[in-house]
Amino acid sequence: MSAWLPSLITATPEEGYDLAIKLSRMAVKKTQGSDEVRARLRAIYENDAQALVAVSHVVAVNFATVAAANGYWR
Amino acid sequence: MSAWLPSLITATPEEGYDLAIKLSRMAVKKTQGSDEVRARLRAIYENDAQALVAVSHVVAVNFATVAAANGYWR
Amino acid sequence: MSAWLPSLITATPEEGYDLAIKLSRMAVKKTQGSDEVRARLRAIYENDAQALVAVSHVVAVNFATVAAANGYWR
Amino acid sequence: MSAWLPSLITATPEEGYDLAIKLSRMAVKKTQGSDEVRARLRAIYENDAQALVAVSHVVAVNFATVAAANGYWR
Amino acid sequence: MSAWLPSLITATPEEGYDLAIKLSRMAVKKTQGSDEVRARLRAIYENDAQALVAVSHVVAVNFATVAAANGYWR
Amino acid sequence: MSAWLPSLITATPEEGYDLAIKLSRMAVKKTQGSDEVRARLRAIYENDAQALVAVSHVVAVNFATVAAANGYWR
């Protein structure tokens, strides 16, 4: 199986942000392995204001890590 | 489509704070693609004390990243 | 309109802490523009133990940013 | 009024931890100025498992700031 | 008993991410020692959208630590 | 009374993790001084999936501090 996380280095901040989203979702996937259950739950949190803010929080923490890894693309 | 996040570098702390808000909202947008659903949910969390504090928390985490990227505008 | 956040640099840790509180409140203000709604919600969270702890958490994250910006006032 | 936060520098990690607790409580005090209301709310969260964990979380964030300020007392 | 955490250094970001998940689960194990209770609770949070986001948040915080320890595998 | 936190420096990452747990519990102890109340509350959160994840989150924040203090035991 090819590596899902070969590196934290990205060409642009946008790619870095997408990687932060991928990192955030991978923990859910590694905790709940069933695609079917995750799809059902996603339909719940996609329509829940508090859950969406919580998702945004996790992305923010992962983005901080990716941004530091990339020297803030300076 | 032009890049929504060309750089983390901003001229002033205020622009940095606005970028932190943009980063916080983008994760919600990338999770819930429907403008209509997001508008409906925004009307909920804009009037919920706990949700507003949670939004402020996400902005604080993203502002920490943007501020570090800009060397704290020293 | 004069800048509300001209700099992260403060003379003392106390001023830095007050700036962290200002940063925490600004995200709420930029999300909920109505002074009247914010005043109504403030009356709620000021009397809610869990909300006050959550507010203190946001201030802590912003204070970490301001303290780092000021070299911890060493 | 003497400064409540003259410095982040402490002689020992323990004093640093106590300062982190003081920082955590000050945000509550600056948000809810009434000693009487804070005492009433404290009686609630002191007996609430989730609230105590949330308090511990805020202290952890502030302790990270104080520890960094003190070069981890190395 | 062999050390469960001999080092924070990993060969790849993926191994680092798995270590972050291990770190996140160990705190639960050290707080709730019963395998049977943890299995029962896991069946709950694996099917709870909010809990899965909260798990992802803890992994993100631990991943930030592991990534910094490994110099972001640069 | 001997110091409960003489130093953040530990010989191994495992000892560092145990120190992070100790730091997390001390804030609860300093907020709720009654051993009897804490024991009662512990029986609650030990069997609550959401509370256990929240405890793991606090340990992760404190572990980040201890790991940085120890130069990640490199």
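We just call them A, B, C, D, E and F in the order they show up, numbering each chain from 1.
Throughout what follows, a contact is a pair of C-beta atoms (placed from the backbone, for glycine too) under 8 Å apart; a residue touches a chain by one contact, two chains touch by 3 or more.
Just so we're on the same page, UniProt names per chain: A, B, C, D, E, F = Peroxidase.
Keep in mind that what you see is a predicted model, and the values were worked out from it rather than measured.
Asker: According to the touch definition, list the chains common to the neighbour sets of chain A and chain E.
Answerer: Expected: no chain.
Asker: Just grab the chain with the largest centre-to-centre distance to chain B, centres being mean Cα coordinates.
Answerer: Measuring from the centre of chain B, the most distant chain centre belongs to F.
Asker: Is it true that over half of the residue numbers where chain B touches chain C are used by both copies, so same, or is it different?
Answerer: Different; most numbers are used by only one of chain B and chain C.
Asker: Counting only Cα atoms for the centres, state how far chain D is from chain E in Å.
Answerer: Taking the mean C-alpha position of each chain, the two centres sit 27 Å apart.
Asker: Please tell me the distance, in whole Å, between the geometric centres of chain B and chain F computed from their C-alpha atoms.
Answerer: Averaging C-alpha atoms per chain gives centres 31 Å apart.
Asker: Need the CA-centroid distance for the pair chain E / chain F, whole Å please.
Answerer: About 16 Å, centre to centre.
Asker: Note the residues in chain A that touch 2 or more other chains, in rising order.
Answerer: 45, 48, 50, 54-55, 57, 61, 64, 68
Asker: Is the way these chains touch best called a line, a ring, a star, complete, or other?
Answerer: ring
Asker: Going round the ring from chain E and on to chain F first, in what order do the chains come?
Answerer: In ring order, starting at chain E and going to chain F first, we get E, F, D, C, B, A.
Asker: Looking at the complex, which residues from chain E come into contact with chain A?
Answerer: The contact residues of chain E facing chain A are 12-14, 17, 21, 45-50, 52-57, 59-61, 63-64, 67-68, 72-74.
Asker: Which stretch or stretches of chain E touch chain F in the complex?
Answerer: For chain E paired with chain F, touching residues are 3-9, 23-28, 30-32, 37, 41-42, 44-45, 48, 50-51, 54-55, 57-58, 61-62, 64-65, 68-69.
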